Amino acid sequence: MVRNISVEAINQVPTHLRGVELVERKGLGHPDSVSDGIAESVSRELSKYYIKHFGKILHHNTDQVELVGGQSAPKFGGGVVLDPVYILLSGRATTTVDGERIPVKAVAIKAAKEYLQSNFKHLDMDSDIMIDSRIGHGSVDLRDVYDTTKHRANDTSFGVGFAPFTDTEKLVKGTEKFINGEMKKKLPAIGYDIKVMGYRQDKTINLTVAAAYVDKYVKDSNEYFAIKEQFQQLVEDNASKISNEDVNIFINTADKDGDKITSHYLTVTGLSQENGDDGSVGRGNRVNGIITPYKPMSMEAAAGKNPVTHVGKLYNVLSNKIAEHVVKEEGGDVVEVLVRIVSQIGRSIDNPHVASLQIIYGDNVDPSKHKKNIEAITDHELEHIFDLTQGFVEGKIPVF
Amino acid sequence: MVRNISVEAINQVPTHLRGVELVERKGLGHPDSVSDGIAESVSRELSKYYIKHFGKILHHNTDQVELVGGQSAPKFGGGVVLDPVYILLSGRATTTVDGERIPVKAVAIKAAKEYLQSNFKHLDMDSDIMIDSRIGHGSVDLRDVYDTTKHRANDTSFGVGFAPFTDTEKLVKGTEKFINGEMKKKLPAIGYDIKVMGYRQDKTINLTVAAAYVDKYVKDSNEYFAIKEQFQQLVEDNASKISNEDVNIFINTADKDGDKITSHYLTVTGLSQENGDDGSVGRGNRVNGIITPYKPMSMEAAAGKNPVTHVGKLYNVLSNKIAEHVVKEEGGDVVEVLVRIVSQIGRSIDNPHVASLQIIYGDNVDPSKHKKNIEAITDHELEHIFDLTQGFVEGKIPVF
Amino acid sequence: MVRNISVEAINQVPTHLRGVELVERKGLGHPDSVSDGIAESVSRELSKYYIKHFGKILHHNTDQVELVGGQSAPKFGGGVVLDPVYILLSGRATTTVDGERIPVKAVAIKAAKEYLQSNFKHLDMDSDIMIDSRIGHGSVDLRDVYDTTKHRANDTSFGVGFAPFTDTEKLVKGTEKFINGEMKKKLPAIGYDIKVMGYRQDKTINLTVAAAYVDKYVKDSNEYFAIKEQFQQLVEDNASKISNEDVNIFINTADKDGDKITSHYLTVTGLSQENGDDGSVGRGNRVNGIITPYKPMSMEAAAGKNPVTHVGKLYNVLSNKIAEHVVKEEGGDVVEVLVRIVSQIGRSIDNPHVASLQIIYGDNVDPSKHKKNIEAITDHELEHIFDLTQGFVEGKIPVF
Amino acid sequence: MVRNISVEAINQVPTHLRGVELVERKGLGHPDSVSDGIAESVSRELSKYYIKHFGKILHHNTDQVELVGGQSAPKFGGGVVLDPVYILLSGRATTTVDGERIPVKAVAIKAAKEYLQSNFKHLDMDSDIMIDSRIGHGSVDLRDVYDTTKHRANDTSFGVGFAPFTDTEKLVKGTEKFINGEMKKKLPAIGYDIKVMGYRQDKTINLTVAAAYVDKYVKDSNEYFAIKEQFQQLVEDNASKISNEDVNIFINTADKDGDKITSHYLTVTGLSQENGDDGSVGRGNRVNGIITPYKPMSMEAAAGKNPVTHVGKLYNVLSNKIAEHVVKEEGGDVVEVLVRIVSQIGRSIDNPHVASLQIIYGDNVDPSKHKKNIEAITDHELEHIFDLTQGFVEGKIPVF
């Protein structure tokens, strides 16, 4: 198969050298990320069910989750969730195969609950969450089901990706990962709803962090601010491991000392969804984990899309993978890679309409020395595009 | 306080001597009973919350539960729930007290789940049930809240009760209690959705029992019918302890031998709600646990009504209690007691518009010898009507 | 066909001569009646659809409607609905016939809206009502569908009916019919949510009427009470046409003069559902339009049940029809008739297990002169039981 | 006020001269656009209500709409909607002002219905749509409400915009506007769910159009394809008015001749939501009406956001307005303008952290001759940012 791969050198100031950069990450516990996480876990569990029972992943797109915020009354020492969050699952899935019926809704709500339970430990699943499903149905005759060796695109769609991350991008993503990861053990008072905004002007990077506290771990305003100092220090230390640039960290900038609860970012569960914040699939991070308004992005809501045939999901992830692969192999000569893959209805997924790479090379680099290898890398990745499916099913490829 | 108590001897053939009698009980796992059970457990947990936090039970009526049946695919050896049951809680409760907000919905959905979990052990709470709440809100100023020493009726309502149970009534109720109680250990294959219909013509009592099997305990049609034989024997033995009348037991009369699943009453969870049977509060058993179309009944949906001021709930239970008390004390002379209590808006609940008792005495009994004592019993029970509240809150007084 | 018909004379004081009688009617606009009305209209429109497209009524039971009350802010001169009422339709219906799909949900929600719109003219269908449907599905193969000439009971069920109405019963039903009928033109200020409770003690009948006003027709408290006087007079005049007994009319007994809105029974739409009152199918009037705790009743929720094969629906209506027929033909000799019809699984519906009539004859009447004719009437009505179906479909037979 | 405005000339190949361009528009009837349209109409009607009753727009964000696709059975000559679309409104709004309650849900569902009714004339509002609301509540004390002369940003957010449109962008947007506008009179058979994808490679622009037909206007496959020819011609004629480039139009590329319904893009209502396509706010077009993966975009879901204080909504629209203004005034010298505005918590909205413009000038243009005027334009637009509010409320500023 000869694939239509276009590798073009562009003459452009690389992102990290431009005057301004803006990067955002909605953390694991942001309502939009919670929605993404649920959508993807539903797709994952359905895929496993289909594989187990029918040997292949059947058609589904569970990329619709609407999370309606609850009501809570946090207070120092531990408050209470008043109204549970309401989560509506929708989308479509194959519910009947050759007359045999599939427990789609049962699998879906179980997947959603398990996702919440295993990621957000302060949630009381019995009282803080209501899950509803309006997932639609479809039926298939197994004989007609796609032959996985020749999936064809059923839409004109595209994917976008780039590499490497700038320091601002690394800091934004790395800070959230740190807070919701390693740091949790040291500072259990910091919850899951973390939002990090990175704004670089010339050499200075400002990281604004909004972080929900878990109220039961904070006895009063004094302790709140004491924790905040530790928090600040830990984030700063972590940032210094990621970047050598000048980094300023601003945490919960609206906080005010005093007795007023509303002057602190307190929650019962570590999640702002408990008190009025709604969420929805596809409105948050792109598949590379960040939002980059200064770089091309796809609007695709990848979470919950089926991992076998959904071009948008596959091409967005693959674009980033190709870009990273190129950067890794082509070392210092390649400064920035931008990848776009465009499908065409009816063409095999591994043979897109075009895979187009734009390369910003370092000064004095001769593009012609790299073009061939970059094409080969791209061709190789396209050839192995269906390996992604397994990665999605195992939860090894993040999509938000 | 002089209460308006009317005790009247009536000249009527007692129920058990009439030609025909019809009695029904919807068992614990019938969708209407499940709805009743949830509604009452929500009221109970809210009452406890109010007592704990405010020293008294605040206004609520959570007597609205709509249970929308799911879809399942039972099979010998164990099938699967396809679509979970959807349960909508509604009604009203006090959500704000002197500006403090109360976790009504959180308490309610937790109560509902705990009720289901502790009563129906084959339910997978993660995949078989979705609970939603649209319970409405109200606010109170504690200074205005009712003084529990002088609750007043806010409706013209009434309660109805009788005693003693006829053999048919005892058999219907006792059979379901046996199947869903003691018998479970011996025959785990028999589920929770049990319906017992008793039809007496003259001296012969026919008990028709519909009982859902739990599919994982039954490997094939042969075992199904083998269990049925044991089941029949156990129910017959139990019936013989309850009554000396001629009792015929008919179990799952639509069963047919053979491989067709639909010829057997199989379920995954022991509950027919899993496969299309809907339920609703107040459509099943009366507060005495049975439905008696041959005797006066109230249409009141007692389950979920607030246990302090709701006349319908209190008077229905008290009517039965008075009737039982009279029968117990007045021994063999009183053959049947029918009690009705009528409220009047604005009158204190323990001082109804009228408490009217109709007594069928035994032959040759002089009513005048009993009247005074019966009045005293009635007066005593009315005086202690507010003791019922505690019984409801502790779950010691059944309402369906 | 020789039917099992039992006609028995009983020696009992007829209802109207007993000391006490209690009768209730929940009017057209009571939330339970609204639920019943919607459920029945859904069944009616589905039946018409099935007949039109398939020549026969296919299986359905849409007897589950949960009405969750809204929130409103009535005021003199016209207030506003704040939160719409939420109405959930459930139950089951045939959605696929020989592979052809049926617009069950579309027909159902349209039927519900048309019912509300045509009965309650102050409802703004765009802002006051939200209708949702979780009606379940079923499929049939037309070849297997019941042959309408030999419907068989699929449940052990029963119906109960009586005739004639006592004066109290006539007054309760007739008063609501008058208020929601003829009187509307004269007093448009009186809404649809009317509840009438009749309590007779010896010769005195007290009618307690709770009637929602429509706020836009009432400019202040003075006008409210002026209307109340007219209202009282009209109801009294109407009562005097129904009965010669002593009748006392009590209207909205909790009203108090003054500026407080809550001291008047004001609504925006004439329906208390707008402000927190929930409703549900089967909790209100029996098929004869009233609730009679002093007489045998069935717990059956008839509204929404399928009009072809549902024994409970058919037998309850037929029992009343037989009782009326007997009273009409047997003139003054028959004082009261009580009818019960019991089905048996597998028996043809027009050939019940037993149709049992209890007759209270007038003094000095010889029962043997009537027995034969009463049996013939009963037999005739059973023979024509399937005529009821058409009456239900055309909306000519009320069920609540 | 001295605003932080940065105007920078960049040395970059303008979009229309690059090798590849990809642009998409989801038309008015695409489920994501329907969701956007509803969300914005709810915000608009709430804003009007607040202005009318309180003189100012109170806090709300109704940017959450989940549209769950229905089921339909289209056929030549006219099919039927089987299951209505379910639309869940959520978000937050001020429901109480100084104790006075606001009909938020009533206003919201009415706005949603009116939006649907006035835009999609083939919808039967009684049977094709179910609208539900879980919009959350908030209360305010009017004295605390923002003084509209000094709104402050409560989030670090940003907006992105550009001008002018390339031919590809104009063609994509203009084609959909034509099909859903002027063309409707000539070809009523073409529905509302239109998706246009523009893909330019060098000088050739391929427009792929997916357009739902309305089945009742098409009697068979022949007529379908005859209409398609006219359709193709009309779109081509329209395209030739927009651009002189080589444009290829591809319409409904999956169509196949023959009797199979599924080989044609037929719908009953002109909307694919009727048959399984879900939608959600913020997943479709950006505020300039298109999706441009080859240009910077914001992920902001503008539709439904409050039009007074929501930085994301205001800055995205204003960025485009500034870009257009600059292009208009600076004529041929400015080839492309890219605008980004970044807020800072606590700063007045009309005084952002930075408004940064990147300008691609024409060859041989001296940037210094334009800089000052461009700054002045930007300053002017920022000064008048609050004029946007009125535009949103009147529906004159599109957001998708």
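Each chain carries a letter (A, B, C and D) given by its place in the written order, and its residues are counted from 1.
One rule holds for everything that comes next: a contact is a pair of C-beta atoms (placed from the backbone, for glycine too) under 8 Å apart; a residue touches a chain by one contact, two chains touch by 3 or more.
Protein identities per chain, from UniProt: A, B, C, D = S-adenosylmethionine synthetase.
Small disclaimer: the values here were computed from a predicted structure and weren't measured.
Of all chains in the assembly, none touches chain A and also chain B.
The angle of the rotation superposing chain A on chain D, based on CA atoms and rounded to the nearest 5, is 180 degrees. In whole angstrom, the spacing between the mean C-alpha positions of chain B and chain C is 24.
Centre-to-centre separation of chain A and chain C, using mean CA positions: 56 Å. Shared interface positions of chain A, defined as residues touching 2 or more other chains, are 71, 86. Under the touch rule stated earlier, the contacting chain pairs are A-B, A-D, B-C, C-D.
Residues 71, 73, 80-84, 86, 95, 101-107, 109-110, 113-114, 124, 126-128, 130-133 of chain C are the ones touching chain D in the complex.
The residues of chain C lying in touch with chain B in their complex are 6, 8, 10-13, 19-20, 22, 64, 66, 68-69, 71, 86, 88, 90-92, 134, 136, 138, 154, 156, 158, 160, 197, 199, 201, 208, 253-254, 276, 278, 280-284, 291, 293-299, 301, 340, 342, 345-346, 353-354, 356.
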